Structures are given as structure tokens and as C-alpha cells.
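Order of writing sets the labels: A, B, C and D. Residues in every chain begin at 1.
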Amino acid sequence: MMASCRLFPFLGSSWHSVPRILGWMTGSALIRGVCSKAGQKLDLKGIYPPISTPFNLKEEVDYPRLEDNLQKYSLIPFRGFVVQGSNGEYAYLTREERVEVVHRVHQAVPKEKLLLAGSGCESTQATVEMTNLMAQAGADAVLVVTPCYYRGSMTSAALIHHYTKVADVSPVPVVLYSVPGNTSLELPVDAIIVLSQHPNIIGLKDSGRDITRIALIVHKTQKQDFQVLSGSAGFLLAGYSVGAVGGICALANILGAQVCELEKLWWAGQWDEARELQYRLIEPNTAVTRKFGIPALKKAMEWFGYYGGPCRPPLLPLTDSEMKEVQRAFSASGWL
Amino acid sequence: MMASCRLFPFLGSSWHSVPRILGWMTGSALIRGVCSKAGQKLDLKGIYPPISTPFNLKEEVDYPRLEDNLQKYSLIPFRGFVVQGSNGEYAYLTREERVEVVHRVHQAVPKEKLLLAGSGCESTQATVEMTNLMAQAGADAVLVVTPCYYRGSMTSAALIHHYTKVADVSPVPVVLYSVPGNTSLELPVDAIIVLSQHPNIIGLKDSGRDITRIALIVHKTQKQDFQVLSGSAGFLLAGYSVGAVGGICALANILGAQVCELEKLWWAGQWDEARELQYRLIEPNTAVTRKFGIPALKKAMEWFGYYGGPCRPPLLPLTDSEMKEVQRAFSASGWL
Amino acid sequence: MMASCRLFPFLGSSWHSVPRILGWMTGSALIRGVCSKAGQKLDLKGIYPPISTPFNLKEEVDYPRLEDNLQKYSLIPFRGFVVQGSNGEYAYLTREERVEVVHRVHQAVPKEKLLLAGSGCESTQATVEMTNLMAQAGADAVLVVTPCYYRGSMTSAALIHHYTKVADVSPVPVVLYSVPGNTSLELPVDAIIVLSQHPNIIGLKDSGRDITRIALIVHKTQKQDFQVLSGSAGFLLAGYSVGAVGGICALANILGAQVCELEKLWWAGQWDEARELQYRLIEPNTAVTRKFGIPALKKAMEWFGYYGGPCRPPLLPLTDSEMKEVQRAFSASGWL
Amino acid sequence: MMASCRLFPFLGSSWHSVPRILGWMTGSALIRGVCSKAGQKLDLKGIYPPISTPFNLKEEVDYPRLEDNLQKYSLIPFRGFVVQGSNGEYAYLTREERVEVVHRVHQAVPKEKLLLAGSGCESTQATVEMTNLMAQAGADAVLVVTPCYYRGSMTSAALIHHYTKVADVSPVPVVLYSVPGNTSLELPVDAIIVLSQHPNIIGLKDSGRDITRIALIVHKTQKQDFQVLSGSAGFLLAGYSVGAVGGICALANILGAQVCELEKLWWAGQWDEARELQYRLIEPNTAVTRKFGIPALKKAMEWFGYYGGPCRPPLLPLTDSEMKEVQRAFSASGWL
């Protein structure tokens, strides 16, 4: 099988640890993961909600509620699910919870849906370990956020080194993740270009809001079959216009069908309809992301039939006036 | 005639100074200016180079060179010209020079080309005066940059007050101008929405790089027939995708035909070609704007047959290594 | 004893969990911790190195080397040690390593030296747990960095809630920790003022560089006997001039005696000498903090007889040219 | 006389335009200006209000009110006056007004008070011209703000070139002026160090809030007899502690005697009293500068017996709630 999928065609001497990868990998990981990059590419094209993590009133992960939400999402033509993106409050989960949530989602969703699991930690070693755990728990690929605490030292060289180490040993493909709103750090374009050449790095989620940068990244990685996903519903249409292949959109937790409709309109060439729909997604999106964050996301999920529930502290519930402002954002756009 | 163009249909009590405007305005300004907003709209749709101001070696404005450049630009299907946008080094011109440059351009370009003249100053009073001078010198509309020195006090209320005063008395339509890269101040969306209702404010040049914001502005001003122009060739395609009607692009000083080709491809629905062309404009654009600024713009103009010449100090000429980097940006994209 | 130390004199109804604290606390924690705030105050006055964590070439914590360094530090009149401030690479340690390092330091240093242990995590619950573990491991107080990943939601209200929860249950006093260079978040002054009234919150390490803010915090918390520590040797003298009582200074890992000399000169009223010494600390300090970070800190430690060793990735070793620049910073100031 | 003051002792070959200066200068400018640098140094030590510019209700400069204010200030031991610092709304004055205001102040104040006049413009040429006009109008020195509109191009090299050109030809000494709150640009330390060696550049007003930077600048320019003035009452004491020789403080327009008292306490070694006074100046200072700007400054001037009057638009008057907040800042500190 390995011969037939012609593993690692671009493999240069720098990918010294490939034998190590092969030693680790189980057959299925090989098929879905690294192999798919070289032979049957893991196609990321589509829309993903970065699902929120439901907690009960004791602030424990509420797995039945998680499964309820996934059940409801099964009616929406998502390409898959991101588990433990920023909206999943991953920073507030223990290591064991992080793995268990991925495991449960893996069991709950149909095989044809992709499961992208966040596995980024501050240290390279911890990220490697979490990546392996996520793959074992059923992730089809890992989404690796930039380490950021020592951001002054997170040069292109440091980030290239970090991601290369992780991708060298990951049993599943790696998706880079740049989210400056949370990390105050943008993964530099030059680092992305270098990393796009790694056989086990297949794409990028870019949650920065700089469309020129996204266009440039698509352009400069075209030879690598590198896939860029817009990290927000706010610039989804613009992202498509410059070559992004999909989106990981917090708003898809709430208005999943509508976000998928925008995708469909785009690919069908119905630009006017796509544009009008895009307009109506901006204010709700801003309300549940930059403006009021996860507490607003979870609250709005409830208005649309999902379980939202509390956040873990230090995230506080919305105040009444904040909640009204979130409501206005949805009603002004005709969704409530 | 005034009755037939039904001047100021949306006019509320706040536009108290309209009689003053009418008292000032000459017939032709009335036709091309305010009136066109209400009756025959001044259509901004298209591409504009924000032309650079040529200086000779004594750092004086070189009017013959200016006219030479305009002569060469006449072969390109520009909608018009922006005189004294940021790229025109307007901040380094005297009041008299600012007016004279506009006057010369007015004389040099055909009547069907729009002439947008920068008239923003720090104080409201100075902006009003410069606006009137620009209109007298032949501007079809004025482009008014946000005052910014006391940016901590430049609230939405202050900016609404400023622009309203200017628009109240301007003999020609006003285009708002937000360029945070130079001003470190973004004209707030809420202020833009209010100002879009003024009969003499017809559009916005947005040089920030936030495509979500541009989409939202187009959306929230749709009822006002408010026209948004992308302020950079870097996100021109994305701007069109969310409803911008054109662009004021520094790069059009150098690659004017190519920028206009992108416009054409967009409107013709040739998105794949448009996208490929867009990609090739990004790096050259960044090189002559954010990265190396006006000295790079002027140097690159020379490579493409235009007069660039020196900048006024404190802008310094490019160093050799900077110049090589600018060249690489053009050659890597296939333009040199 | 509780009566004699008049525990919690300012205690309002909001400190509902005090009984819970008392239930948890052992006698010695009570004496050194909460009690000391009210009766025998835990006096933070003095200089602390935020010690680096030594790793061996396998990137494991090198406990013998840690003890060697502490042995050398015992000759310097430090008030105590900060374990797992930002310079301790705490973000790269496992939970078990974090506790073990504190435990080892507790065993190695004399009783009269204060041990402040970093216990901040992203979630309130994890911070509470780590705080308890640190107290059990021997910390005299905990230093709690602001959670920051969801910084858009980290309002004053959220941060007050977070720190109050932690301080309510901590067996040892809590020191707030604001380090915007790493967290891109500044603990707001209004939150600090509220928190300073909590009987178990005794001070603040402020690593921001805004001396006006530090002065204002000292001023507004004067009635609370709240102690402010400068978070850098770069503004240590200025900090003293506005009422800070000491400093937690990365540079004290390298030039500990000199930093303590500055302290001594200040309190002795030898301002001219203090100022001249302060000047000579600025460039070395900048080199091992903002400019080149922990890799530079560890490298420079070696020049002064301490064990530095490697950092954990993604922190990279200094390049040769970086190392030379760090050397210059020390030699230009007369230290090498 | 020229021989006796040993003009330009450090003069290197780069100061090529000195003969040009000498050709221009009148005797008195020579004595008070360049000469004083080399022989009888122009001593900047002391406190200066950057005076506000009074307007009448027609928004014209109100010269009688200006003279009234100066009359009242004559009772305060100021070292001198800054005319057309940022607080003077210089950006809103015409060229003629800028000169006339300096002329009037020159006539109104006693000879022993220093008159520092703001002469910074965006272009080097305009700055040179304004500098000459200011010297002719009676300025003892000019305060030259960094040009900033093309801040991306305002490298150290560009700024060194700019200031050198200005200082080469200025008939009076030049004081550098870095005010990032208004310009979003900080004059780099390396540029300051180079410029401090120019015989006609005698000091710096630093309105950034970074005390480490101020200390470093004092340190690195000690051989040049370069004088640093704190640009705010908020860090005046800290500034003295690291070697600043005085302050140009907006708050001195309102609480001039108190700011001078802080200066006196510092030099008398009464640090505890100085510190307590410093604390009480912070909140009022913040209210009339960063928080509410010049409208608050002018309003508060009226509470203390000076003429404030309106600002020029686009600066708006304070709202009622803003005014109350400013009042609270003064009353909470015991000044109202």
C-alpha cells in the first residue's frame, strides 16, 4: 500500500524523522493522514463549526449535551467539525478532557465528516504529545495554534522549528492555525511558505482579518496544494474570492445552514445572492466573536435550538445589556 | 434646473447651511456636484491612480513632468485621477502648491475623467477653505482625510461634526477618506453610516485592510447609494466581491493597465483570471506602499516609463538594498 | 491566636469562603499567609530573581543544577525567590514539574527567604488547584498571572471574579501579576484597586513599563497596605521613587548583587550613585528580556558563573550575532 | 565675542552648514542661541506650561485673553513657556497665527523666562522656514515635533536627516520633541543619541510614558550635556529620579504652582512630600491629557481662574458627563 500511495514524494533530507513517523503510525492513520497528503489528498474544502464545549451547571463537560448538538448538526452539510479551536474553550480544559471530548465527537459523527482537533500547546514537546493523543482519539487532522506566551521570541525560525517537529511525528496531517485575536501573534507568511512544503502540513486556518495576506498565502503556496480556510464567517465570501477553500466559522455553531448556503452560492456562481447573505452574517458574527466572545456564542446557540450553557470562569455570563446587543445583531440581520 | 434635479431630497433640519451652499455654488459645480448626488449621481465606479507629485532636483513641483505622466495615463481606461491622496505627498506641499497641482491636472485631463482632490486639513475651518479652493481649481469631488493629530479626541461625534460642516458648504461632493496606515485612526463605521445620509457625501475611500469592515459599510449604506472605493490594489478583488465599486490604488501609478484589467475581468465574471491577476499585484503593491512607501513608488514608476523623481525630505531615497527588494517584488510577479 | 492577629478586619460579606479557607489551612500557612496580612504582615520589601528553570541536554529539569544556582544565590541579599514567573519557562513545564520545582526550591533555600510561586493558569479552577499545590509544595505566597487567551473577554469584572475566587481559597497570600509583554493584557487599575481590598491579596508585580500607572496604583491602594513590586530592573529606581517596595527582576538572575546594591543605595538616600548604577543596568536588562528573552538570560547567566543551559523549544538558542549583541550590552555597561 | 564663547567645540565635518547659520544670525540670536550651547549653555532646567491658545467665540485667536493668562502665570516660578506644543492646538493655527502668537508671548513675558516655540511641520523645508520665523518672532529655542504622516518611512535615518537639516540652519537651539500619543511615532533612541551630538540640538521633550527609555536617553547622552524634559506631570517625579532636568507639563496650565512645588521638593530632597504631591497630580493630569484632551484642559483652566474658552473644531466641547468626570479627578485629589 505504501508504494501505491507514493508516500512523501517531495521528501527532502530535512524530514529526517520520517522513519520515526512510520514506526509509530498505525495503518489507518497512515491511510487517512500522511498518505492522503501524498496520494489521496485529505480534502479540507468546506465549512466547519469550531464547536463549543458544553458544560453543565457544575462546570463539568456535559457529554450528552455535546452529542445532542452534534445530532442536530448532522442535518447540515458541514464538511466536518473542529474540536478545540479557540471557541471550544480548550484553554480551560484539562489534558484528559481535551482528549475525551475529541474521542466522544469521533464516536458521534459519521465517518465521512472530518474531525479536526486542536492540539496546540505552548511547548513543542507538549504539542507533540497532545497531537499523538488527538490522533489516537480519532482526529483526522490536528489544528495547531501558534505558541504565543513568549511571543517576543516566536520568530519565523522558532515557529518553523516548532511546526516541523510536530508535523514530523504527527500520525495525522497538520493544519496551521493563526489567530492573532487570541494569541496577539500572527504566523508570518514566510514561515507559512516554508511550512507548506512539509508533506504532513496540509493547510492553514487564518483567523486574522487581513484578506491581502490570505490571498498572498494562497498564491505563494499554490504549488504545494496547500489549503487555506477562512477563520471567520465575517470574511468568508472575500476568502473564497481570493482562493480559500472553506471556512472554520464560529457562527456556524448557530447559523450552520446559512453559512453552508453561502458556500453553495459561491460555488454556484450566484455572487449577488452570496453577497447579500454575506452581509447578513457580519454583525451576528462580530457579536459572538470579537465583541462578546464565547459567552455570546453559547447564549445565541440557545436561541437557535442548541445547547449553549455556561462558560468556565474567568469567562463571565453576558450582562443583560450585552445580551440585548447580541439579540439586536441577530434581529437586525433578520435571523431572530 | 434646480427644481428638475430635485435637490436634497433627504434633507433634514440638520442640514441648516444649505442656503449658504446654494449661495456659493456656481452653476457648473451645482450640476456636477451636489445636484448629481440627488438627480444625476456622480458615478465613482472605476479605477483611479492617486497620482504622485513630481519634483525636480531642486524639490520644486515639476509641472511639465506632471503633464507628461498624465499624457501617458491617458491611454489607460481610468475613471479619473486622485490628486493629493497620501501618495501625492500632499502633506509636504504648501497651500498654494496644493491648489496649483489640482488646477494643472484639471487643465490636462479630458473632461470625462473625474478629478478627485484631497482637501483634508487638521482643522475644520482649514478643510472648508481648502475644499472651496479645490472646487474652484477644478475638482469634481473632494477626498477628505480624517483629521488625526488629536486622535484621542477624534470620536465619532467629532468626526461627524467635522465632515458635516465640510459637506454642508462644499460646492462639490465629498468622499470620506480613512487611511489608518498614515493617520493611525480609522473612521468609525457608525460615523460613516450617519455621514452617508448627507446629500453631499457620496462615498468613501477605505485604505484600511479590513474586508469585513468594508463589507459592513457597503451593507449598512445600501439605501444611500453610497459608493465605496478600495484604497489599495492589494485587496481590490476582495473589495469587489463585497460590493466596492472601484479602487484608488497607488499601484495604478505604475501598473495602471493591469489594475484596470483586473477591474474588467471582475465585471466580466472571469473570476479565475481575475484571481490570478490579483495574486500578481499583491507583492508589488506592498513594496510600493506599506513596505517602502512613496520613494519606492516613484522609483518603480521610472521602470515603467513614467517620471518618478525625488521625494521631498524627510522622505529619503531608497537604499540600494531596498531598491533591489522592490525590483524583486516586481520581477517575482512577472512584471519586470 | 486568631483573635490576636485580628484576622480579616476589612472582611465584607463577599468573602464568603473564608471559613472554607480556614478549614483547609494548616497552622503554619495561617501564620505566614492570610494572618500575616492582617496581623504580622508578609513583608514583600526587597529584591527577587524570578529564577530560570535549568534543563539538561535532554530538556529535562536539571534539579542538581537548580540547587547549584540557589547555592550561589545564597550569598546575595535577596528577599526571596520567584519560582515560575515568566522567566522560569513555566508555560513549558508540566503540572507535575511546576510543583516539583517549587518543592525543590523550598527545600534548598533558608527559611527566612520568601518563596513566591507562579500558579496562574487560564481557567479559574486550574489556577485554584495549582495555587493549592504550590502552597503545599512550600510557597509562602503565589504570584498569579492574568489569564489572557480570551483577552477580549478579560474585563475588569472577569478578572476581579477570577482573582477573588483564587484568593478566597488560597492557603497563602496572593500577589497579582500583570505582564503585558507576554500576555498582551494589562490588569486594569480599577480591578487592582478593588482586589487590593481582599484580605488575602497583598500585592502586585507590575512588569508593564508605565511608571505613571505604578504611581497611581501605589497611591490608590495606600490604605490597604498593598505592596507593589517593579517587574523589571529597567525601571527599578523609578519604581522606588513612586513608592514601589522592591523588584522582581530577571536581571537579578545574572547581576543579583548589583540589583541589590541599587536597592541599598536607594534606601540609603544615595540617589546619585543609585542613578548611575540604574543607568548601567538598563541595556543588559533589555537584552535579556524584551530584546532576546530567556535564551539570552540563560546564556548571560553562564558568563557570570551560573548554570544557564538550553531552553525548551520552541525557544531557540541565540544565533551568534544575537549572542554578540547581548555581550555588547553587558560590556558596554562595564559588566563584562 | 565669538571667540570668547568658543563656538561649536565639538564641530565635525558633518556640520557643513555652520557658516550659513552664522551668516543668518543676528547678534542676539547668536548669544541666546547656538552660542549658549557651546559657551553659556541655554539652561532648560525647570517647569514650563505648554500654553493653550485662547480663542474667542468666533474661534479667532484672542490675544488679550492670552496676555491675561500670561499675566497670571507671571506669579509662578516657571522657567519659561512652551508656545505651540500639542496643547496649543498648533495644528489648527494658520502659519501666520503660529508666528503671531509667539510674537505676542515674546512681548508679554519677562526676558528671563525662556520661550520655546513649536516649529515642527511635516516637510523639512516647511520646518526650516517655520523655525526661522519663530526665531524672528522671539523664540529662545524651537521645539520640533517628529514629522509623522508617512510614519512608515520615518526611519532613524530619515529623522536624523530631518533634524540635522533643521538644526544646521536654525538661528536658535533646537529641542527634539517625541509625542507618540499624538504622532503614533516614537523618535528612536539611536536617532536621539546621534542628534544629541549636534551643537545646535540641546535637548528633548519626551511625552511618551516609558521611564526606562528616558533613563537610557539621559545615560547615553551624558557626554553631550543634552537636557531631557519630561513631557507630562504624570511622571515628573520619576523623570527627575532618572535624570530629567524639568518638565513641560500640560497640567501646569492649571496647577502651575503645584507643579513647580513638586520641582522644588525634589531638588530639596524632600522625597516623601514630593511623592505625595506627585500622587495627587496624576489623575487630574490624565483627565486633561490622554483621557479628555484639550477641551478638558481649557475647561479646567477656567475653574482655576484662567481663560480657557472654546477649542477649534473638530475638537468638541466636553459633554456634561465628561465635564463631571474631569471635576471628579480634580476634587478626588483635593484640588477642587
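Here is the rule we use: a contact is a pair of C-beta atoms (placed from the backbone, for glycine too) under 8 Å apart; a residue touches a chain by one contact, two chains touch by 3 or more.
Treat the numbers as computed from the prediction; the structure is a model and nothing was measured.
Peer 1: Counting one step for each move to a touching chain, how far apart are chain B and chain C?
Peer 2: The distance in steps between these two chains is 2.
Peer 1: Based on CA centres, what chain would you say lies at the far end from chain B?
Peer 2: Computed centres place C farthest from chain B.
Peer 1: Can you grab the rotation angle between chain A and chain B? Superpose on CA, round to the nearest 5°.
Peer 2: Superposing the C-alpha atoms of chain A on chain B needs a rotation of 180 degrees.
Peer 1: When the centre of a chain is set as the mean of its C-alpha atoms, what distance in Å lies between chain C and chain D?
Peer 2: Taking the mean C-alpha position of each chain, the two centres sit 38 Å apart.
Peer 1: Between chain B and chain D, what distance separates the C-alpha centroids? Give it in angstrom.
Peer 2: Each chain's C-alpha centroid was found; their separation is 35 Å.
Peer 1: Any idea how many Å lie between the Cα centroids of chain A and chain D?
Peer 2: Comparing mean C-alpha positions, chain D is 52 Å from chain A.
Peer 1: By residue number and range, which residues of chain C touch two or more other chains?
Peer 2: There are none in chain C.
Peer 1: Could you tell me which shape the graph of touching chains takes: line, ring, star, complete or other?
Peer 2: Drawn as a graph, the chains make one closed cycle, so a ring.
Peer 1: Just spell out which pairs of chains touch, all of them.
Peer 2: Every touching chain pair, ordered by label, is A-B, A-C, B-D, C-D.
Peer 1: In the complex, go through chain D and note every residue touching chain C.
Peer 2: 209-212, 215-216, 218-219, 232, 234-235, 237-238, 240-243, 269, 271, 275, 278-280, 282-283, 286
Peer 1: Taking the complex as given, what residues does chain D use to touch chain B?
Peer 2: Interface residues on the chain D side: 59, 86, 91-92, 94, 122-126, 147, 149-155, 157-159, 161-162, 165, 181-184, 290-295, 312-316.
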